């Protein structure tokens, strides 16, 4: 290990090995919990917003425990932007597709014309689809808010 | 398929906005076609909606195919169809100038600017269509947040002005939400038509009066009605040019439309005007005061854009006063003035964009001798100025005519006097500038303008000329406009 | 006096919300520090959330999450379940409040960078210079 | 200024409290808010959408239009923060 890398390592690990190790172990479980909250929103408290915030908090935790550069290695600014727009596009797109299929705007039962599940089952499915869209947008925006506010708009420098 | 047309008016800019952000990152050349395409299609759909409404009458639409009080209802009647056409037309025309000036001012953040720009337009369309009191709050916040961002992208003082706007705008939205909450606790519903249906049973309650007062004050802050106007002049004059061109003509007018919507769709004219004539009288007096004070404040400005922002505040006084005159002439005048004022402000702010693109500064001293260098721009400015003053062939005359007729019919002399006074002040304001630009020469000891100045770029000049022609055309078409659209839109009971 | 007391006891939720609202509103109007103004805004919005949510309460009712099969077979006793609508509305209001806070913080950062302070008086003085 | 603000706040608070005079008591199951729309959501919600969590059903479907704009609101906030903050340091 050269001196250069060594310096990078110490700079990266500002919060000590215990915190870092704990965060390494916790992050995947937090993400799993976020996905569970989104997916189980039909049966228990939860849904897109809540789950999205939990997913976003996983990256925020990485950013706090290590630093912003390392967190952004896992979730780059480009992907972030795409997911944010993509999530909103899923929601609006679902509405428009419903309208184009001959139903009213956001009338999920119209999606029955694509795949026959029954109109009421499609309402349940439609809610799930839009919740996923909401979750993606909220996750990306929460992360990007933290990054931008934490670094004063200069992502490379970070925190 | 055609039943969903008005949804496309709203959805096209929204999808366009998301695509601008997704694709604009890879190539900025994709931004103008996306923006213009989305807005042009939206404008075409709005025209189709208006012609459909004129042919088949008003209809209501429920998002998600739920029965009205349970789902969210959208109302497409003559008034909202007219407003849809107005907003989409103004947005389309303004976007040419915005595209040009943003490409110069904020080159590296064009995609962010136009994402917010298109979402703002979608939000305005949503505000016009909605028939649900809480949905109105959400859309009010969408238009506000995008406007905060569009203003904060300016230089210099812009962030500070934007922050003041955030505080005032949030107070306004919170007040409106408090009013909606009180109505919800009393009636158990959020649908405007449903509230109006239950309204007679709760009419005498103090809570209803509280709800009405808070909703009204919230909307007044948003539209910058005189004593609550403090945030507007700074916010609009510090914003980037590309923001002003869109926001100044539309935001306050759409909020006035919302006030009309809330007053006549949720509450009843009987309740507002005739149960407590003292309140109605007082509000007309405040409107008259607003017109006079804002006009006097405009006289003190030495910057073209600052002066126009105070004129906007005065015009809000015209419209609020017209609505509260409590007769159909006044309301007709107010609705007609929404259309006319949006077009006049658009024309004048396009002039601002044109001058800013060539001269840079908008201070009066820098306008010296401008007519020889930018003859077409200044000709359009003159048309816009005549419309603001209210000279007959232009549209500004007709709406003022209706407002004055309404004022006389209601016997509200202070309001009539204020209108005439404000027209005179406008004449002074604009002739002062015309004098500087036409007759003063650089030899009179004034600083010569730096560098050679040519006519404004085509991207601004063409929309500007279009807007100036529209001022005259709308003026000539006032008769059919009033007979076929606005008279039908004026609610009964007046 | 008795009437007022019983009125307060019956509707103490509204009294609490109004007091919270007044704290927030006062901070927005009177404080000269921009961050304090923003905190005032947050308190104001929290007060409104309290008002809506407390309007949805029913005595002795449970959360609005039901058992699908039981409901489809036997129906549901409405008095046993709290009103879900205010919760939905307040989810929206919370998101709006988060968004406004984020935007305001970003703008405050730019103000701080330009003027080096967040006290309104000092900023106005610097502008005058 | 502070006194003026204090008076304004007191007035607002008093008006709001005065308005609660006509409200039903806290937790009253016979309140209009509990009687008009919400029984239908509770009774029909599961049947019409097959979602046992009624809050999710109302959020995602009955009032899905609201939720769509809510997503757009937070999306806007993200874009505003990027547009107003990122890369401004050099310019100023």
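Going in written order, the chains are labelled A, B, C and D, and every chain counts its residues from 1.
Operating definition for what follows: a contact is a pair of C-beta atoms (placed from the backbone, for glycine too) under 8 Å apart; a residue touches a chain by one contact, two chains touch by 3 or more.
Fair warning: this is a prediction, and the values are worked out from it, not measured in the lab.
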item: Pair of chains joined by more contacts [C-beta pairs], A-C or C-D; value: C-D
item: Chain whose Cα centroid lies at the greatest distance from that of chain B; value: A
item: Where chain C and chain D are represented by their mean Cα positions, the distance between them in whole Å; value: 9
item: Intercentroid distance (Cα basis), chain D paired with chain B, Å; value: 26
item: For chain B paired with chain C, centre-to-centre distance based on mean C-alpha positions, whole Å; value: 29
item: Two or more partner chains touched - positions in chain A; value: 43-45, 85, 88, 92, 95, 105-106, 108, 145, 148-149, 152-153
item: Overlap residues in chain D, where contacts from two or more other chains coincide; value: 16, 20-21, 23, 31, 33-34, 37-38, 41, 47, 50, 52-53, 55, 59, 61, 63-67, 70, 72-78, 80-82, 84-89, 92
item: Per-residue overlap in chain C, given as positions that touch at least 2 other chains; value: 25, 55, 65, 85-86, 91-92, 95-96, 99-100, 102-103, 106-107, 109-110, 113-114
item: Touch-based graph of the chains, sorted into line, ring, star, complete or other; value: complete
item: Chain A contact footprint on chain B (complex, rising order); value: 1, 3-4, 7-8, 11, 14-15, 18-19, 21-22, 25, 61-65
item: List of chain D residues in touch with chain A within their complex; value: 47-53, 55-57, 59-61, 64-65, 67-68, 71-72, 74-75, 77-78, 81-82, 85-89
item: Chain A residues within the chain B interface of the complex; value: 78, 81-82, 85-86, 88-89, 92-93, 95-96, 99, 102-110
item: Contacting residues of chain C [partner chain B, same complex]; value: 25, 28, 34, 37-38, 41, 44-45, 48, 51-52, 55, 85-86, 89, 92-93, 96, 99-100, 103-104, 106-108, 110-111, 114-115, 123, 127
item: Complex contact set, residues of chain A against chain C; value: 43-45, 49, 145, 148-149, 152-153
